[in-house]
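In the two assemblies presented below, chain A is common to both, partnered first by chain B and then by chain C.
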Partner chain A sequence: MTVHDVRSRHGDSKRGDASDGAILAEAVGGRLSRIDGPAKITGAAKYAVEQQLEGLSHAVLVESTIAAGKVRSIDTAAAESAPGVLLVLMPDNALRLNTATDWLGTPPPDIPYCPLARDITFSGQHVAAVVAESFEQAVAAAALVKVAYHETPAIVDLDDPKAGDGIPIDTMTKEWGDAQAAFAAAPVRICAAYNTPREYQAPMEPHGLIAHWQGDQLTVWEPSQWLDGMARTYAEWFGVPFENVRLVSPFIGGGFGSKAFAYGYGAVAAMAAKMLGRPVKLAVTRPQTFTAYGGRAATRQTVALGADAEGRIQSIVHRGVNETSVDGMWVEPLGSVTSIMYATPNFSSRQNVVRVNTVVPGALRAPGENPSAFGVECAIDELAYEVGIDPLEIRLRNYAEQDPEANKPWSTRRLREAFAAGAEAFGWSKRAPEPRSMRDGNQLIGWGVAAGTYPVRRAYGEAMVRILADGSVEVESSSIDMGQGTYTILAQTAAEVVGVAAEKVVVKLGDSRYARAGVTGGSRLAGVMTGAVHKAATAALDELVGLAISDPNSPFHALQANTLVVANGRIASPRGDGPEVSIAELLGSVGRSQIEAMGDTMPANSTADDRYKNYTTIATALSHTEGDYSRHSWCAHFIEVRVDEDFGTVRVSRVVSALDSGRLYNPKLAESQWKGGIIMGIGQALLEEGIVDRRHGRIVNNNLADYLIATNADIPDIEVISVGIPDPHSSALGGKGVGELGIVGVAPAIANAVFHATGKRVRDLPITLEKLI
Partner chain B sequence: MRDFSYLRADSIDAARQAAALPGAMLLAGGTTLIDLAKCGVTEPETVVDITHLKGLDGITVDDRGATIGSLARMSSVADHADVKSRFPAVSEALWQAASAQLRNMATIGGNLMQRTRCPYFRDPANFPACNKRTPGSGCSAIGGVTRGHAVLGTSEACIATYPGDLATALVAFDAIVHLGDRQVAVDDFFLLPGATPDKEHAIAPGEMITAISILASAAARRSTYLKVRDRQSYEFAAASAAVGIEFEADGRTIRDLRVALGGVGTKPWRARAVEEALKGKLLEPDTVRRASQLAIEGAVDHGANHYKIELAPRVVARAILKMGETA
Partner chain C sequence: MTSKTRIPIKLQINGHRHELEVEPRVTLLDALRDHLGLTGTKKGCDQGQCGACTVHIDGQRVLACLTLAAQAEGRAIRSIEGLADGDGTLHAVQAAFLEQDAFQCGYCTPGQIMSAVACIREGHAGSDDEIREYMAGNLCRCGAYPHIVAAVRQAALEIASSTETAS
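Here is the complex of A and B:
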């Protein structure tokens, strides 16, 4: 389905030309509304696991009820004889799969992969699966599978005495100057520990898939942030060529980092489909979204700041720890913001990773930068009070004029402008400096500020653009839209380049048969894909104009023009001294049914293998400090909280954020993404925490009634201000990252506001009422 | 598949007879029953659908009091003009309960029958021990994650919190639960866990809630429901208080006071000691705060829920003082 089909059905009659004043909205940089919006609101958008397939069967997972040990035996007799059961899958009868290449492109070890575990390393691990004719039959039969365990002691979390100090990750070490000595010698010193709990992506659409084999061809309908990467994983697991796997994912109900990889349950479903010769659907349950893949790792940081009496930082000593699983490695880079936010002559950051009995943690909106900012942005607030200056002033006093770590100039850093614009709109100058000095009845009022940043992650992209016989334009890419607005901004880009109204552009995404695309993660998609579409559309336009000038049957043939202009779908000479025809008329007169151009931004000498690697791993991604510049998005959050003095409840009552994401391809959508990040940050600051039963090593609040994310009632009006300017070093069209930036710095701004309100420094998220009562 | 019979009752008597069968459960809004069936907590053999019964969704309010049919929706009661004016605490409790979608589905009778959110109760696959689910199997919550658990009315067998808001307001105003011919005071309708936490309500097989009634009173008319919680919507109470107050003619001396607590007890918790301590007294902040401490007499914490002992009296005091302000 294409979203424009839906849109035209709903009778949106904007012509996109000067007659309705909409031309600005439809060009790149215009505030065009999401073109997939009506399909989602009316229910017309069909999500991956909603496909109706002939002969569809249903798989349900059986999960471990212990956190550590071994499976002693699995009694499947009752399940196998239950009505409708087609297959009970366990390690003994599982197909032998290959281990797949990881996302970094690391060649896999030559050992078999089994998505069902005999060795248990966390509670909720997949140990078996039941496939039945109906979902209800599979659920009932799965409950009849009896698993006996040999249980061993588990390391339940970072606080477990058995957890130890963990494994040093040398690649995370950053050192310059003599940070320890400079800290010891500094006249003003603060040192504190900051903790963040396990947090979960909690997308509205839970994970799941339908797997369907036809011979050695596999089709997978699955919500995906990375179709080509996941297709490669499926292909390697089952030992079939990459081309034999088709991944389809037209709409995604939120990913937040959790939908970029094929996980074990995907292997289970595809395996069952192969064994049964029938399509298999596996819908991950809401509780399983807490164990079928990982959320953000729990983190611990110690930040020591040494400063002179005026608050100028002399040294930063930072130590971080994050949890990972027993048999997987996840590093949450905790020093990523610490090392670039402020100028300091002396710096030291090191990080360890501790193995605990959990599912391997994963990416959750701004992995690394988010908890890193919580540490350093709370710490500098503490330093401001220690020195006795305004928290905004201390940030300006320590402003990093260039990247202190890479020793390179920023490509653009509009953070000073963000501080100024945010402070002005918020009214920061009216802030009473003393904690507990602002009050409204029982409510203590606090104002806090914090900065955030996210690196510009760049990669090469590819896109297909076609100009069709009716004058419409088609864009194809295997990239995706998980709500951020890809359909819309790619339509705007193609429309602007070719010279047609945006509604004349049909954007097709979410099918791995289309032009390839790398991961939609790290806020890179918009920059990568607008660049690729721009290039492909330019090539298509060039061919169109070339035809119009040179084809003997073209009405422009006699004009002998060097070039022509295309606007509102009509072709004319630049001076308007010749004929004017529509694109459709031109194509008709020259006898062409379409013009097709594939464009990519890969280096010209790239081999087929380079391209495959580029779209299926992140090995070819460009460093944000490659070349002469250091490239980042920046933001400053100004937040007001009201803390009930008696109850300890914290409510965010006002947010003003100023953000630098460079040029915005569509400000309306960028603002929406920023606000989404800020809302998620409010939840992170005040509500979100995976709570472990320490006797069982199990997350007990594994549902959306007990794992609290912010509701509308928790969110005040949020004002976002764009302070960015086009950054030519960051992307083809001048944009920097948008999606992850907004959340970075929200939690410390709230924690700082809570301190200002109450005089109490809460360094463990979330800031719940019992910490303030 | 877990088969069960579905029976659509065509009269109250038929519903009661069907409900008396072993393994039968009544289905009204379904917001608890279906949820718990999905968790594997309830496995009814027969589901008796009562949603089509006539005459059970009425709401009548007059000078004597209110009678609310058991099939009235939470949202209808919350939005009823006379309920709002004569029993504000009841309306406010309902507004602050659950979510808009749940309030539109859930009925008043079902609301009274809702069961605890104790995560151990709700996860039989991982926590087989639960005295409420399987008598004698033990309590998984004690020694576990207890942040939301009760501090009042607990026993060695069970510390699960009664989660509802409405019943807290009903207990404060001595509402009556109508079980057809039989009537039970709402405070007696909810049972303490003691050694039998599986027995939660004073209702026998074959009985069905047909209505609740509340007598009109000056205290009910000047009442409020104050709910303190981690987030501002779709969230159970960390501690809540239903408070109603009647002053003497001087407008300052407390003639009648009703106080009940939610979110802290194994059942909706009437705080008579607070009421008695303040009746006849002038409404003054210090007096109120001191008396409100009596609300948690006998409270026992299990670690992470200790804050409820601090919080509950403050919620009671705030609610009482708020009612005083509107004098």
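Here is the complex of A and C:
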């Protein structure tokens, strides 16, 4: 990125608000303000589809208006004769593409791929596209394309009588002990069903791309959580070498899981660009973002808990179902938190998926853990009331001292500390236990607690670090920053290792020509990339110091020192004797224009194929239970709701969350991500729901006014407390995941608070007023 | 439908005069982004629901996606690119957004900042609750809301104190 020349008269942003004092803002662990901030607050940050290209044409998608059936005919006459139209794309005139390898690395079947459908499996499927000189002309012409269908009955959702029980996913089965017998024998038993609806990522930047071919070289400007993975897909679709595809994505306007893959519309735009021989921009409209890729699948869970009279869990029996598409497979792992949060001698979890006429669902912030926690964290609250003990006490009573599923010790688990710190800050001890026992006028007040967790997903990474002639440092990686703070924490890492000020570090991200990177998802990027940059920067520093010691032209040559120190961009002997010169002066005197080092955390014997697989699939990712430990981040949410007794409206009035993400590379930015997750969780609990029209299988609220996400007026002040300690088993610098953790457990904490306020247990999200009155 | 006709439009944006020829149906948002290369103003929904395209026209906050470019002719348009001083000194709201970390992905941010400047000018930044209400038209999916409130509060105080000093 370019660090823009902006000055501030309102405080020194370089220092952040270093309330922790002990750590300089610029060091790893310091509260440095985000270095890409000036570009974002001045409008200078160029997002992918904002590139201005000569000869740019505009594509607009035409989508199916039925959920199941076949396209009988497409009448393009009016569209083709409309002003400015360059091309109307349909299956009949589409280029023949190859099917690409999937993200797991599964070799593709040898069948052609067409991103425009003749066989319709969901409403909103791409059936045609219009390309025109201007955006307005393309929009107008797309409305003139007439598609005739042969419609067949659709399975609209999980509640459809035709949906059935689905397909068992054996890899999701987890069992130990005899869960059914132990449940039947338990003195205290609860069993309930918990449902979550279709939910959508809804990043503020809609998806889209600009595709531009020059010969057999393709450049794609597209918001991306995974440049190398998407470049591989484009390359395989069009049968060109991986190196021929360049993905560019310097800033990403939010992803939340939705921007990791190349989707059908990308193939449409790249195909049109190839056919027309000019660049094509395709901006997915906001309504189309609800069907151009999938949100979180609707889920159903049954959780049965058997316990002794003191509330100690004897058995957990869990059954889950998630929807998937007619011809795609998405498994939302619903037993992922159920199996590790609490100690139990007997356990059984199984899961089915049910095919319905929807776009294939996808990843949304903490896929699996999020709905899983909603089930088990509501269920244990119900058990607390059944036994008659405090909801916090029952969680401590069933605390899992080690991973009950993997039978391994936790690398670190500061959940007990999170409960203690959160309860103290929230004032939990003042809670009156009975439902409907706390009120303020006509507002019923409820206090709820729930825990959350997310596994530490680990992978290998690489990074390029250069020490330049002017003494500045450059970091390059094809990883990305969609708001997590990658630019900033990598600058902090390189600055600390090399010994320069963070403002002397320029971080370049979001271009697949840079050092390769795996997916930015599953909260893995910060741990992977700080490790890779640390390694590369260390190698660069070693070379710099080596030159200073041994080069005959170095001012340190006569000193015969074993080592030198670099601090604030200046090199000196640790003993304080001898000269002190700047990095620039040293490089000048030894005649070097730069020092360059690639840091790579892959195993030493890795082949080129291993590396390609590592950065373009997730096949080489390391399990969180690999080796001697089970690695997860943890959190506890304490939430106050106010429910209007007459109208049933729920407002979240107070949130205190204590979180263990291990070491924080930049607490200022990590706190923002945690709060962002919590806020998305508030929306999930109270507002968010994709509503399906049962006649047409259509998402009717496919826009930001009807698909409700939290607004500023919905959100109170939120207090977050870090209880983590460095976890050396989780990452090179001791951090665990941040981005997904915050949302996990928020919805059950709110549901539990609503029960405490009203005495009504709402088990299907969102908790809307009609469920309370 | 056969609108080949383009019309000449003169727009006054951030103190500069721009002349362009566009179809009458071109929105102010697309005129800024696609025709003038002023991409700081963002397109989040193109249907007046998210606030990412907020700009000022004659000092009032408006949604550029619901305004035709032709409607803005002869009026003073200010976009995020024109908010900092000519020498690059940040506006108090911009500086407060950076200091409070009032954004993550940055896509809603220009609209939030333009809304915040107007919110303060309108006198709607008197309390945190008032800020939340009058900033509720600008969605932020990253969930920076508490930090946006803190930034608007901080900037409002700074603007008030600098106005007092000046008078």
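FYI, the second predicted complex is superposed on the first by the 751 of 773 C-alpha atoms of A that agree within 3 Å, B and C clash if a C-alpha of one lies under 4 Å from a C-alpha of the other, contacts with A are read in each partner's own complex, and residues count from 1 in each chain.
In the analysis below, contacts are C-beta pairs under 8 Å (C-beta built on N, C-alpha and C of every residue); 3 or more make two chains touch, one makes a residue touch a chain.
Treat the numbers as computed from the prediction; the structure is a model and nothing was measured.
Participant: For A:Val700, decide between first (touching chain B), second (touching chain C), both and neither.
Facilitator: first
Participant: Given the touch rule stated above, what does A:Asp646 touch, chain B (first), chain C (second), both, or neither?
Facilitator: In the superposed model, A:Asp646 contacts chain B only, not chain C.
Participant: Between chain B and chain C, whom does A:Glu205 touch in the aligned arrangement: first, second, both, or neither?
Facilitator: second
Participant: Once chain A of both complexes is superposed, is A:Glu770 in touch with chain B (first), chain C (second), both, or neither?
Facilitator: In the superposed model, A:Glu770 contacts chain B only, not chain C.
Participant: With both complexes superposed on chain A, which partner does A:Thr711 reach: first (chain B), second (chain C), both or neither?
Facilitator: In the superposed model, A:Thr711 contacts both chain B and chain C.
Participant: Per the contact definition in the header, classify A:Thr607: touching chain B only (first), chain C only (second), both, or neither.
Facilitator: After superposing on A, A:Thr607 lies clear of both chain B and chain C.
Participant: State whether A:Pro83 touches chain B only (first), chain C only (second), both chains, or neither.
Facilitator: After superposition on chain A, A:Pro83 lies in contact with both partners, chain B and chain C.
Participant: In the superposed arrangement, does chain B or chain C reach more residues of chain A?
Facilitator: C
Participant: Pick one for A:Asn562: touches chain B only (first), chain C only (second), both, or neither.
Facilitator: neither
Participant: Tell me which partner A:Glu136 touches in the superposition: chain B (first), chain C (second), both or neither.
Facilitator: It touches chain B and chain C both.
Participant: Between chain B and chain C, which residues of chain A are contacted by each of them?
Facilitator: Touching chain B in the first complex and chain C in the second, residues 83, 134, 136, 140, 705, 710-714 of chain A appear in both lists.
Participant: Mind listing the chain A positions that touch chain C in their complex?
Facilitator: So the residues of chain A in touch with chain C come to 5-11, 13, 16-17, 33-34, 36-47, 50, 52, 82-83, 134-136, 140, 144, 201-206, 251-254, 256, 283, 285-286, 482-485, 668-669, 671-673, 675-680, 703-705, 709-718.
Participant: List the residues on chain B that touch chain A in their complex, please.
Facilitator: So the residues of chain B touching chain A come out as 1-2, 40, 117, 119-120, 123, 125-127, 143-145, 147, 228-235, 238, 306-307, 310-311, 314-315, 317-318.
Participant: Spell out the residues on chain C that touch chain A in their complex, using ranges where they run on.
Facilitator: By the definition above, chain C touches chain A via 1-4, 23, 25-26, 30, 33-34, 37-47, 49-50, 52, 79-81, 83-84, 87-90, 92, 94-99, 101, 103-110, 113, 128, 131-133, 135-149, 158.
Participant: Help me check something: in the complex, which residues belonging to chain A touch chain B?
Facilitator: Interface residues on chain A, with respect to chain B: 65, 83-84, 123, 134, 136-137, 139-140, 143, 442, 644, 646-649, 651, 686-687, 691-693, 695-696, 698, 700-701, 705-706, 708, 710-714, 768-770, 773.
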